[in-house]
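Each of the next two complexes has chain A plus one more chain, namely chain B in the first and chain C in the second.
Here is the complex of A and B:
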């Protein structure tokens, strides 16, 4: 039997004001007063965890009451101890992402021996063989553009170069890191914040599904608290009201759906196939490493270095080829990957037709007939000798961009805000940059007495990140489209483009600045 | 309210509240001297809406009913992100930066929290933000216009933090009547943001503010200098051309030069007016697309902040 006061409160709720997504409990009026949190972050991936860590590491946002909700068991996302085994989900962290992770004290918690920096990048065209080689020398050379930039005081180009040069003294283009390694490091960092530094610990609710998100109840009377514009998150742990609800909950973000923010884009009709590979010879930790990417008409294939003789494969291809590749035996798979870097597109297509079998043998006789000079194969290019068991997986590729990243008491970061083609390895880096920008904006808001859920605080985040991400998404999308052509003028044009860019060190430097996440 | 003087029968302003497209308020265009600094002082007394204070129903608070009704009609747009209060919201962070610049002069015990009085609080843009700061104990915010106080209180209820204890108290009163309404009488910071340009006789008004300032406390405000540039930007462009603020929001003749304020402060025994330690000024300029920016030296030609410290 509910008390009269409770009954009165329940009756006062106009359901029309409450939006909800998917939930069957949406019609049930929230009973009792929800716990009030300053920040509720849905999603404990790298973007969400780094955002919460960034809040904890800034004095202005340290005291915020924060909850983090994830449906998965975050304690199990530990990295394997086995130096022979690497996860197939790796990311290429740009120097600016690393600076951010170092700044919030997370990078030192990562298992560094499982990360691998690379210092150069070879990109070549699978049809024409024209190529481009990126390394740090390009970025440091002084060309015409620098001379022009120097004449314009305070020009952005000049400033970005300067920033770049200080950041890349060690000549690192990017650093490969298993996502699980990064996630574990961030979790460890959060744990240490709570324990060692006597701070209010972040409320971590993992293995917790968000049952519903609604707007809060109308105020009982003219004098009492009015949460009618606050998001109320219902989970098995009860109801919590969020001053700011952060959606770090991935491409199908329930938070974005609650907010009714449209997300536009298209499917590429491509799958990203990943695997952990073994190379023919080991590398020591101090050796300079190179990342390789070849643009095939079916999509780019990339070989990214991991420690010792390991490497990470990211092969974007059509769904039929991806399905076929997953069926192959380890030796046939290995041969096909070697073929994808070394043979002509026609050979690769043949090896992946449903009728083709024994790819290892096919490759063995086709390879001597294909001179490296005709395919543009960089030398030295490592030979792939095997694939780690159980690491071949694929996922559909999409491009999506939310119309806005913010709403009243709501912000989106990471994949919830944007999904990008993996060819430039930028997805996770954009998510980390979102996390950093949002945390910085909240710190500014706290220092100036803003309501951190209001547009006055969040507008800065949206304007800073939306345009930057839109540019990156656009460039990557166009690159993908240009390199999908198999013949004709587009190939001549793009080959000419690559050759010209390769000859202009300064232009390459500027390109790399963008690729390395220099801002 | 012990020592009220007749001169204090002044129009308590409701601050520059740029707000919605006011249709109710009839602009007083006739009295505006469109140019020429020479007209300035003399024409002050000719303001049409400066109804005789003696006829006011509340002789001690002498709230100007024309202004009250002007801001009543604008009340709803206070918290509209795209409404005409937008410029005030955007200016708000600078207010805190300026207060910090003033109060950072002396070494303070971080545990000692401050009491704020915000005069002419309007919808509560500054008062709310001050009440959220970790070094603030209480904020008392006053405005004579009932509607804006209602808007402020309604908005206060949407943030549980602001309902805690006496963190934020809104009172519908003038500064002269504060003693009757407020349990708290003495404050560390008294703020007058976009207020004095609405006042016909600033000197007695400021003096009555000082009575509520603790020794060592700061009187802080922002206003507009009386120059051809400020006439052009705040009257001609903002009111007539862009209609960013409703017509009649400002009377250029009542704008005050920083030097005039400082001269007034020098005449007050209890105020410290030495450069930096007791007297601070900061010129700010609104740059479309970039927001409000501090521009050194601009205080003598348009919007500026001032701060003066009470000896103690």
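Here is the complex of A and C:
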């Protein structure tokens, strides 16, 4: 019991501080009472880990007491060391995501030799063959005036721009990175925080299942805490109360279910099939690489570069085709993937009917009969020579968006808040942007003396991210629908649109800027 | 043939161009190399002129099958022959045909053997039809104006199997029967030439035209739409199949026999005429 003098001084404090005095003294409460944490993050995926790292790297939020709970084993590095083997779960990180990861000091921990930047992108229509090419030159052109300036005889604009282009550090569209590589880098970063200058502030509970999330008990007497508005997370390590509970726990988020936040959307009746592929010739690290995407009526298929002669495949297709693809022998699978980039949709559909067999022979027959000019195949397109064993997997695709990202003492980030079609490679990037925005918001709240679990503090996060994510999810959803048409006016319209945009450098640059997350 | 219009000067000029540009100057002076044996690459203007010219030419003289063939090729692109190829690629038998690329000629089809097949088989009907109409499997021209080799084959196949369509429907090669077949093929293959050929309906006599619109056109359109893609029939393998079985499998009804109708009408007319003459003679004799 404090002395009367101390009590008097305490009562002179403003109410919020007075409360925090009591609560911090309550953390030393005897066993049986929940431990109180400032931030409890459920889910140790890229979004959750980067959010915690961002809190740690900002001076205002560094001192927060943070717990991170994940059901999987996070301690072992999941990056394979074999340079010949790549995980099939890869993501393309946009420049703005990379900037964030560099800012929190995580990117330098990533194994750079296993990441691959690409500098251009070829996208083409599987039905009409109309195509669009993206590279950094488009992004750097600023509009019509530039084009006019270029045309003036004797203008030195070109020369100066060329200088600008080479001085721009990369010209990278996006960087491919295995999810395991990113997770390992973020974990390493967190470990270094603990070992370094500060105390280990982050309580990591991996291999820990969240048994339940409830609201806490009401105060039994005037000395105990009223936790009736606080989420209490029960795990095998006991109960912890969260000033702010962050749900980074994936699409079926238990945190979102606890909060009763509805998540609307639809299933696409498509599966995303992933695999790690081998290409016909190796690339050196300094070579410029290109990502390819072809829109087939059954769904887009993308070939994303990995170091050396490896590439990552993301093929969205109907569940029957995905199931058939997983049954194929490696040589037939390789032939079918080659076919999906090079042949007409009718051939691909035929090769994936249950009765069709010997896809390799079928491809060998159809390829010479299908001139590249008729399918819109980009001219230096690599040939796929093989598939890494055991990497063919698929998962159902859906679109979901939570009605709100925040509640009382609760925030959702990453897949818990939204699920998006992979055709633009935006899922992880939106999650990282959420993590960055929430961490920035909490830092703002700490600097201004807010309760970080209150709506006062969290509303800023919701308003910053919800509309932006909704726009991206909407655009990707419409793209998916427009490209599902196999014939007719929709195909003519989209082909015309693509051809027009391909000729308008500035418009194309704006699209790229939006996809790269530049604000 | 001797290229008469090329003056040495202009040829020299074209040759003086850099190689990339030279190949781009696609003109009478400089055609790209053929994509397959017998291929004649055409520019858009040439293709249009060919379509117009062959359309009017074949309307003036419907027996110019070379003009009808040229009309078919000039109007097949874009879309139509590609659609037909897609329809073949969707079907296992159609794919097999495209893979094997069988050709129908008197060498590959022995008429002797076909005539010995049992009654009412496809082969027998085909041979009988050829004999009745006095044509041979070799009367079909080679495709030359379609650029893609495979699409050219599709057109060739359509042309060569046209006679089988006659055979299983039993429609004769006279204009009226030909028009019914063309209408059927239009509904079935959507090739524009088949629809354009229907303009020849102006050449029919009024009674024939009435019959065409009342009997054969409805039959052709409903059956053409209902039936499977006839281009996907591997005719070489169906020679011993019963015609009725194949027709049922494809979903085609047998049209009324045109020759029979015409014969009946002719007989009727003859009888009427005989009766009239007899009456006249009788009237003259009796002095009424």
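General remarks:
Quick note on the criterion: the second predicted complex is superposed on the first by the 457 of 519 C-alpha atoms of A that agree within 3 Å, B and C clash if a C-alpha of one lies under 4 Å from a C-alpha of the other, contacts with A are read in each partner's own complex, and residues count from 1 in each chain.
Just so we're on the same page, a contact is a pair of C-beta atoms (placed from the backbone, for glycine too) under 8 Å apart; a residue touches a chain by one contact, two chains touch by 3 or more.
If you're wondering where the values come from, they're calculated on a predicted model, not measured in any experiment.
In the superposition on chain A, A:219 contacts chain B only, with no contact to chain C. After overlaying the two complexes on the shared chain, residue contacts for A:229 are found with chain B alone; chain C is out of touch. In the superposition on chain A, A:63 makes contact with chain B only, not with chain C.
In the superposed model, A:346 lies in contact with chain C only, and not with chain B. Of the two partner chains, chain B is the only one that A:456 touches; chain C does not reach it.
Applying the stated contact rule after C-alpha superposition, one finds that A:36 touches chain B and leaves chain C untouched. By the touch criterion stated above, A:285 is placed in contact with neither chain B nor chain C.
Comparing chain B with chain C, more residues of chain A are touched by B.
In the overlay built on the shared chain, the residue A:364 is in contact with neither chain B nor chain C.
Once chain A of one complex is fitted onto chain A of the other, the partner contacts of A:448 are limited to chain B, with no touch recorded for chain C.
Shared contact residues of chain A, touching chain B in one structure and chain C in the other, are absent. Note for the complex: chain A touches chain B at residues 36, 63, 219, 223-230, 243, 444, 446-451, 455-456, 459.
Those residues of chain A whose C-beta lies close enough to touch chain C in the complex are 344, 346-347, 349-350, 355, 365, 369, 371, 374.
Residues 81, 89-90, 92-93, 96-97, 128-134, 154, 157-160, 163 of chain B are the ones touching chain A in the complex.
Chain C makes touch with chain A in their complex at residues 86, 89-90, 92, 95, 98-99, 148-150.
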